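Structure, as structure tokens:
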């Protein structure tokens, strides 16, 4: 229990602390002054985010990895970076959920669950053993599924929660079976031991690995394990959708990559191909399914599926290609900004008008110029159009995808960008070009929402140009 | 064939039979009861393997907790007596075939795999050992998962309360 | 004044006029712009005459009495490669000198004439600026040192011709005619261009002198160009024929002549300048320019020139006999005369045997005078009658005596009446033809007879025959006539000058100035040879007098007797219709729609199909998403099994 | 004890797993779906215990995994049942086929 | 003299435009910005010429090289040679003219000019880039403004056209992207992968890679330059776009493709270029001939010009495909010339459309009487299009033909002959259109009362016209400017 321990466990400890603070606040304050509470919560979250950057473990002693609890918990500079990204995203999500929470009643519960989920994600990132891995994965998933139900009066909300929890339970169970097989063949659940005992070519291990792969792929909504995504996105309250799209996806992509690279490198030859097929069909299906989508949230869901496919291309460069993981983290940062900008607007509009169809957005520009530009910038970033950061992110991912000469993959991914542009442009078209008799009225944007959008847009416009961000991230992967 | 072997087969039969009936029985309440049998059978298997503590936990949590919860929820929702709707034919067929195929696949792989046991003395599964390790932070210590699970249970509790609490009706 | 400055000024002044009048003149001195243009033209003409005089009598001859090719100046305008470049320059040699005199002089005449003829036109300044542009282009053309330079100005004369034909742009027929003229010549020019490309590729130069040198002297280039071939014809022949195609287009040789009659929609002075005296002889000039190559290296091409020339000549003469629009008659006559020049070149040899060459340019020169006169005279008539049609005319000799006289002179000149200019040049041509090719000779002879016939048919129909009743239709016209009488002096003076020259120009000893190789050519006059054509001309005139001297029914009787021929000739042997069929129906009516259809339905169709297909794919794929969570689980499970099978059995 | 080897347990657990999967895929009642999930989890637990017992008795990894699994299963079941009850309140149906208002 | 100015000025203009309050301010800001840009471009042109005269013989001048993404070895590397200077001049001219003709845009004025300026940024950046990544960045930068410009301010089937254009261009850039990445990973300069144009030209990628990458790059850029069969975005896009956008599209944006084909595909993959040369020539010949026949069938003025652009850009492709120095110079000249000419044409069409409210050829006539200035501009643009000497089209086309003829293969000859023949067809449709619209009797009574061009329109037209004449009457300065550049490319091709 030395200083290092606290430094390393700091993100989790703070989160746990926050959860209890909220719990106490809930119990103590029966009046539920929502506004005050929200202010309080947001400040705490900002502090949490800031805290991530200070008093970090001292890596200068040549120590690149901190291990605690008999290898169950480990942390590295990269993981701390990832946690910081997630913390930051959490702040933005909290900002954009302000309006929605302000009217609802379960504010503190929302925060408790959200933070629990976040805690789970942090543990997941840091897990050094399959037990922690599985436990924290459940901790990350179950509260989010419950959160999906937080629009208690909206019939779609429990349905989304139901789909979410059932599918994820199923996927977890499959994954668990895979873990048992790995355990049975290696005799260990700690990653370090598992790695040592894995034998290339052992069918049972491979089968166990595939089960685990599928479980993770489900969380990442790779095709064909993606079908829950759109429904859950649509039914959940928009802030929860944002959390699902950003936090959950963000975590799992890191976990996916690190698991595959660090735990199962012996199967690289196999999972590389599996991954390639997954990426191809994920990108294609995700994009094609979005083409005819009229619901904006569902469209974003499919788009996020496709984006996951692009993100995974960063892994195709193989273990030796340092720019691959860099590109993943880099794009993830960009993706946080782009999606959250988009969700901020969607949340706002949905909150005020209850409209979330693309056709509802017709003529949106007539009354809401700034919001429209935010949407446009966010969508262009998602589509990978310069000068937005999405362009750079996607470019580097595509580059990484082709690093080992997988030109088919590259071609499929590139050509899919056309399809993706099509549906993004449909939204842009509805907003800017189409005329409507009854356009959405002028929407007043609250301070926090405006802040979110401003931060996101600034991020989208700046990150790409500044090569330093990329180099900074790259520094974590260059050894 | 020794007695323990016969007991194993009986337990296995209870487990599997209960499971099969649980997933096929048209009446939901019966389904839950079959599930109960199956879970008890599994607890029996644990006993059979001398994992008494796990078996006890299985009985307490599953049989005493989860199945009861399920039965409560059955009463809360559909009522216990009626027949459930028939499963969708095509999907059942497909699922059945897929499961069969999957089973064959896994079985095939398991059969072809060699399992290598370690040549180390058994640590035993007494409650004492389990308890000591559960709260230890050093080697073979499971304090961290224990805490994580506690957070999970807290979260689950909060979720369940918020979602299921009765006062929240429409409007 | 040095030659180079003079030769800069000669095309420069008209161009300056064009800029001045089109940019400034149109707005600030529309009324005076005619005078400005004319003065500039006068200056140009004066400089040109002085320069030419200088060339022929002072500087042009080398010590051995051969006229030199002198490059007055030459600038690289557009370099292609190290050797190939388009140069802008001025070449002084007999034919270019001859041409600048003809061009500036006729242009001056037309400028003066137009002062009266075009008076009161709304776009008076524009008219003069166009004339300036044309003169500039034509001068640039004739002075060219470089085959690509000639092409450039070739195009420019084309466009000025287009602009001038379409001068009355609100008249649909004028617009159609201008388009036709431009497109037909453009078509020919495409051939010309390819010809240039071919020749320049093999010779590695575009300079005339160098090119001629390389293609007439035995050498690597000549070997290369004669051995290379396409479809069994050597590259040289291709090149020359394609170049000739350009010339034929501009000079309205059969079958590219169809634009010329229609071009008469332009103002009559324009017809005189462009479509009679200058632009249309550019083809002859072009062939003359490359004549050494034709004559020395590629007699096949020269034969083609000869046959096309003589056929065009005869064909046009036949058609001219039946036309009733006086300008069209003149247009066909122009075509016929240019055909003369063309086959004269075609039958000519080089050097000693170059009588045809000299004759051709001689005829070009005289023809410019009398044909300009004919057109301007016709213009005066039209000005008076307000109609182009012979049927509206007759017995005008009393009304417009000056015009009558000069017109008669011109008709005599063109018919080859002894003593008039046309007689001399035509005799030379016939002599040359007689010496080389009997078929061509007899055809030419027949044509000469026809020429005399239709010219006098024209003459008699206008000035004789029925008495003229001007005021049939309405009083408004009557007032007009009462006011302006015959023609203002500005129109009469050019007529008179040209009439004098139509007689006088024949008496020049042309051969001592212009010949195929620059050394003086001695031409002899043979009475025996002249007798036949002159006799024929007399007979033809007599027939014309018989038929058209007085109003009678003979023409229509003859027309009914030889109905087929008459119909054919009247309708220009349906060449226009054939063209229309080929272009409108086949090219534009068949390929055009096919291209458009392919574009819309196949190329664009594929794009749209891709769009539609992706929407359909999307719709199909979306069926996966049927909202039932167990279905989703089925997909998950299948995916799992699939991956397990792949991984365990394939990719271990 | 000697007749019954690891593979017997594995066969039982695998069968249980696929029975659970079958149930999950086919039962239309949401609660029975949940029950199927429990079966699958139990199959995994059997695996863990059996492996622990037969192969790796020197450590308690499998045992602990099973213990925590049971806790997870409970938590999951609690949340799932809460959600199902909420859904039932709104839809008056616990047929999984009816929960398809969001589709395509 | 920093080249970055060329990107910075539009960027700053855009910023200022954002903060403008009234439409007038917006317009003037955009105008001043574009004029400043033109000034910079002209200054650069003269400075460049002086430097070259002074014996400066580096391949690219004003080079700047800043590290952008170090670990990917991506640099912000810029520099220009004569070809780029020519394209920059073209862009600057068209932008000024485009701003001027948009003076009457009243609907969302600020956004309009913002997008216009953004579009020009893309073009400038593209032309000055010497790093393939930077280049690609700017290439794609220009796609979306086009979509919005057409979609918001367009006419006719604007949604369809805008979408088609954006998607096809995106498709083009996707192909380019594939090619770029393939080249990147197969490049090896001092043990590193690189996007640097100069480094790549000095260390050619291997034959196999060239064979794979070339089709992607060429076809990708070919989409931008409306190469057959990827041209269908052009007619719809051009015709639906507002005037300035049409000018930009045809005048600048299609040139991005041509420039890319030359600078990236041919220059970096010269061996593959030779290998695929016959396909390029074939496609170009088809485009030229087929484009002109398709034009013949059009009734809408903008469609006429758009299809004729397809045909004219075929000359660019033909020139590039021929792989001779003269042809390459000609191709660039044709790019410049076509850019100016088509911008002028679209400007004239747009101005006429503003007045007559129709673009249907059949519904107009005799406009020369009522709007002599615009009609004259229209005719001059038409004449330039059909390659009249003295206007820029002639010099460019002739150079292409001359260069093309230097390829002795029969198919190349036939393609050239087709090209020559197509100028006749061009004459036919140009004259048909102008004969109907400009000449002839006035067909519509309403057209008798329309007014001629305003100052801004006159200025725009004259600006373009002066450039056209400057090239048309004295093309040697342009060839002098371009020749060293095309010589470099030729060296690359001939050095096997």
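Lettered A, B, C, D and E in written order, each chain numbered from 1.
The working rule: a residue touches a chain if its C-beta (ideal position, glycine included) is under 8 Å from a C-beta of that chain, and two chains touch if they have at least 3 such contacts.
Since we're looking at a predicted model, the values are computed, not measured.
> Which chains does subunit A share as contact partners with subunit D?
B, C
> Please identify the chain lying most centrally, where each chain is represented by the average of its Cα atoms.
Taking the mean of all protein C-alpha atoms as reference, the closest chain is E.
> Please work out which of C-D and B-D is bridged by more C-beta pairs in contact, and write that pair.
Of C-D and B-D, it is B-D that has more C-beta pairs in contact.
> Using only Cα atoms to place each chain's centre, name the chain farthest from subunit C.
B
> From the mean C-alpha coordinate of subunit A to that of subunit E, what's the distance rounded to whole Å?
42
> Provide the C-alpha centroid distance between subunit D and subunit E, rounded to the nearest whole angstrom.
Each chain reduced to its C-alpha mean, subunit D and subunit E end up 65 Å apart.
> Go ahead and note the Å separation of the Cα centroids belonging to subunit A and subunit B.
31
> So, what's the distance in Å between the C-alpha centres of subunit E and subunit C?
Result: the chain centres lie 36 Å from each other.
> Multi-chain contacts in subunit C: which residues touch at least two other chains?
611, 622, 625, 627, 629-631, 633-634, 637-638, 640, 644, 648
> Check each residue of subunit D and list the ones that touch at least two other chains.
10, 17, 20-21, 24-26, 28, 33-34, 55-56, 59, 64, 68, 72, 75-76, 79, 82-84, 86, 90, 96-97, 99, 101-103
> Can you list the subunit A residues in contact with two or more other chains?
Within subunit A, the residues that touch at least two other chains are 131, 135, 138, 142, 145-146, 149, 152, 158, 161-163, 166, 170, 174, 184, 187, 203, 207, 230-231, 422.
> If two chains touch, include that pair; go through all of them.
A-B, A-C, A-D, A-E, B-C, B-D, C-D, C-E
> Under the touch definition given earlier, write down the residues of subunit C that touch subunit E in their complex.
76-81, 84, 86, 148, 151-153, 155-156, 159, 162, 166, 169-170, 172, 175-176, 178-179, 182-183, 186-187, 190, 193-194, 197-198, 200-201, 230, 588, 591-596, 598-599, 603-604, 606-607, 611
> Which subunit E residues qualify as touching subunit C in the complex?
164, 167-168, 228-229, 231-233, 290, 293-294, 296-298, 325-326, 366, 368-369, 383, 386-390, 394-395, 398-399, 401-403, 405-406, 410, 413, 416-417, 420-421, 423-424, 427-428, 431-432, 435, 438-442, 474-476, 479-480, 483
> Any idea which subunit A residues touch subunit E in the complex?
Interface residues on the subunit A side: 322-323, 326, 380, 385-387, 391-392, 395-396, 398-399, 402-403, 405, 407, 410-411, 414-415, 417-418, 421-422, 425, 428-429, 432-434, 467, 470-471, 474, 478.
> Can you check the complex and tell me which residues of subunit A touch subunit C?
For subunit A paired with subunit C, touching residues are 162-163, 166-167, 170-171, 174, 200-201, 203, 206-207, 209-211, 213-214, 217-218, 224-225, 227-228, 230-231, 267, 269-271, 273-274, 285, 288-293, 419, 422.
> Hey, which residues of subunit A end up touching subunit B in the complex?
Against subunit B, subunit A makes touches at 16, 19, 23, 68-70, 72-73, 106, 109, 112-113, 116-117, 119-120, 123, 131-132, 135-136, 138-139, 142-143, 145-147, 149-150, 152-153, 158, 161, 184-185, 187, 202-204, 207.
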